[in-house]
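Down below is the structure, laid out as structure tokens.
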């Protein structure tokens, strides 16, 4: 079985495992107060060109999202998200569990537009009954989105401008940040200039687990460790996170392995296109959503894993093929051969 | 100024005020444990034909809604509501503040359909990743809706059937229950047979304040008073609620005064229709949503209060005219005269 | 039956009822945006000598407490309270329901000391593992306390000094404020100078219901109405609160009726003392806690209501006699006569 | 530096690391739905003699505690804990953040007594104002406690009996379960018979991270995975937990390594006792609390890490020496040598 079902079905990049093995016998202070976390944070501050940023390492994505949102908002403030946003669609109401409404906006390709945001902001600003509705205070976007699409630098700048106009925070969920950076014109430095806070995902990008939370806006920095602890995200042996991220940030490994995954995904994309298979949408990253008929699914499902997304009509289904840092060129060539035979 | 802006801009029906005055010198046990609350609860149990129902009296509507929902749901369970539902659109995220997601469904006239509900229920039932989404456990509808529309008995029965199929609770927000009962083919007995719990509103139907919460489903009854207290809804001088509801339930007063308000609204509706003024939707209750142009608004706004709902185009606005238990036939005749001159 | 069981077993002072009756036919804007609320707020700002204070009127005490605390605190911040504090002992975990820990401190007479507070503040300030504990950010005291005791001006100043030293808010629950002001050397102006926010209770001090929340600290003012709505405390017919408080604040009525209740309580206290009956503690306000034996209880309970507080030994019980604005000198004379016969 | 400061300052037992390495190249389904988690759950069901138990693997202790408590309780229900309980003293109000009060009971040695519990249960059962207080529904104990003490089988049986009498759940926090089992007369089978749910800690007992939650009471099993996801405890690469626990449960490794740590702690204890150094309390497990004077602390702190617990008087401090699965006999011998020289 060759696995294209998701980007978190294998352990970690060899360099990460080696780094863990190299420190396995050592003893460290707990709770993220160790030299490895400090080193990884410094690396990330350098990579983002943001020497003042606060950097924290948490275990998981849902945890990072609701911890950050719970820390940023007052009880009557809400989150704006695409209807397909991970916090809205895949996290069991974790954000609402912390007390905050999510206002979902329609977004076929998973992206919010500045116009949508401006409408939300303006609607609250001009509401004559403001105290009867929540204040849209934090804009959640994912980069890349759940559909593999990415915001261009210009689009991000436009979102930022709207956030500035209405006093909203821009929070970027970067669970797949590495794949997004490989696909568009946005850099980590841009991210640090444009977002108030964002995450840099490890789990799907070469680590066993771990998400870095980068807080740029000074308002959001105080006592963030208290929020981490309260929300169950403070790993006792926190150095396990620092060691992994430090290995990933060494010599650009994080970016290289994600770029390769995206290149391989582009090869798969080209093969589907050459075969005349339609796409659900145009994704430039490691997730490709194609529309297959039942016979095509049958032809591939014995040899490859891939993920059903949704039925498009009685005969067709949209499915996801996903590469990762662990995908090999050989695996992709085999798949391409079989796509050509469909 | 003649007031048609809402149905809660005047105090209370004279019979309610007299009942309050008659008991003003008496002394009672607190927190709703008085004979008047018991009497009003008995009256409501009789009116609903539900001798086993638990009846509680709270002060306000938002409070009643989130208290009941918080009591009914486990943390991972969510509420299904029309996008225009009061809990979703007008209560400052109060339900989410108690930790629960609301899934809003589109509904132009404020009503959910059994088909929509069935889709939500089926989608959860068949989800392969159920633990990543919330369980749609409680269906919130308002009767009448925020747009003055009502469910027919048949529609309610269909919703009930879907709720039974998927193990969902049906919660009916009856903040304007009296007006809804006057307009369609649904009775309080139907409500008690079809809903798991519902409210019977006093604030907008002749009382100074107060909402009755009627719990029919035995699962939802235990320790409900603890939820009321925890959520700030337990009035120290609870007899003020019992006295008011008891007066309203005496000799059908509640139903009579609401019926008259609906009849007066029908007169207004007929006048607008006769004048060729379009309606936003067809409402059979005390709230009428008409689409006026700016000159028509100008012609009426010096003499009447009415409420802007939303801009429909550059020249027109949807506005609400609302009658209440306090509206007099004279007030309505005056308005009709002016409508005819538009 | 002559009632001394509590101070909320009768309706409202005649002046309050008259004010309500006088406005019963009028129409008002809803949700507290009416001229009566504005007038009452102005009166209270004048009485507190705090022209910049934000004043809001809510229905109930529990509601006011958790709304204010929820508005003031970040998720990792906690409340310090006497173990006998109302929020800790009598509100069904309402504060915790909003997500905040209460740290209870021992306090036999219901009062916190500056030393206790300083210890809590210092302990957090110097904690090497601060992120593992909550930040004690808000100090809750009641004035008078649940045991009828009051803080002296000097004691309040000392608490304030500790709050300043450790960056803590001082919140005063004034559900019985009128009785407290009548008993000690503290004025409403002192309250406004020393507390960050406090309540002035109506329910137990002459109104049918209602608590005024006075916010002095500018940090706590923004969007407070959103918190009120979210927490179910926004009365649709808000003018009912404004009318009542306005009547109470007219010509010092609020202070006069509470002072009389305290004077009558002092008469009762003197009678018990003269008869050699021991007190649970020395209360200068309208609540008197005396320790009676079973025969004494039996002798009084047929004619008077009073409230059991706790068993003190096999033979004795601590019970509360409580006067109110509604207590008459005749009622007290009758009781004194019977105390003398014990 | 030889480390006795805590039991989570080193990675994992070699067998755990080898198991992780052996599966490093494999691909698995995510979110704990993999064969390793299933295997480890089966092992634990066998070890507890509880074939029907639900077993889940979470990452951290705080997370496991608040997830389980949030799943078990209704909003008005509260937790009873020793004042030294981890959830009360060291988790930043995480339980309150989910909406539940913790009622702390005094407990010098970290243990609750059946008498204390019975008093709490009886007090609620007989309360005339039950709706004004929270229902004590879940009893939290830690085994061993934060002070290293353990409940005897008889004590656990007594707690269970009280829980049965008052309808309370017994929840055992077993973050250090292995050390507790090595010290007293309680077995995992006893635990499964007497508790409603409990955890078996990995983080402090040989794993890199991970806590097993064992749910025995059928009421608490449904949809627990939804709670895990909602609370951020569902590890994407969940097999990392299954692999580790499976290695620990193989051939009794978990029990062996914890037993050795306890034996080494007993050697240290004996050395302190022989030297006449007083103990804060009598602990039979891997944590030893001794009272040292400043010169003794100074003599040891250059060569060993140990943790200050609290100042006992101007000259003395209570400090903790903690062994773990990673402590070697040589390290302990060296320490003993230095203790003898104090």
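Letters are used for the chains, namely A, B, C and D, taken in the order the chains are written, and counting of residues starts over at 1 for each.
Simple rule for what comes next: contacts are C-beta pairs under 8 Å (C-beta built on N, C-alpha and C of every residue); 3 or more make two chains touch, one makes a residue touch a chain.
Please read all numbers here as calculations on a predicted model, not as lab measurements.
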Chain labels contacting subunit A and also subunit C: B, D
Comparison of B-D and A-D (more C-beta pairs in contact): A-D
Rounded Å distance between subunit A and subunit D, as computed from the means of their C-alpha atoms: 34
Chain centre separation (subunit C, subunit D; CA means) in Å: 42
Distance from subunit D to subunit B - Cα centre to Cα centre, in angstrom: 50
Residues of subunit D whose C-beta touches two or more other chains: 75-76, 91-93, 97-99, 131-132, 134, 226, 229-230, 234
Subunit C-touching residues of subunit D, taken from the complex the two chains share: 75-76, 78, 89-93, 96-102, 104, 129, 131-134
List of subunit C residues in touch with subunit A within their complex: 31, 70-71, 74-76, 98-99, 130-132, 134-135, 223, 225-230, 234
Of subunit D, residues touching subunit A in the complex: 1, 3, 6, 8-12, 17, 20-21, 23-30, 59-63, 66-67, 91-94, 97-98, 203-204, 208-209, 226, 229-237, 240
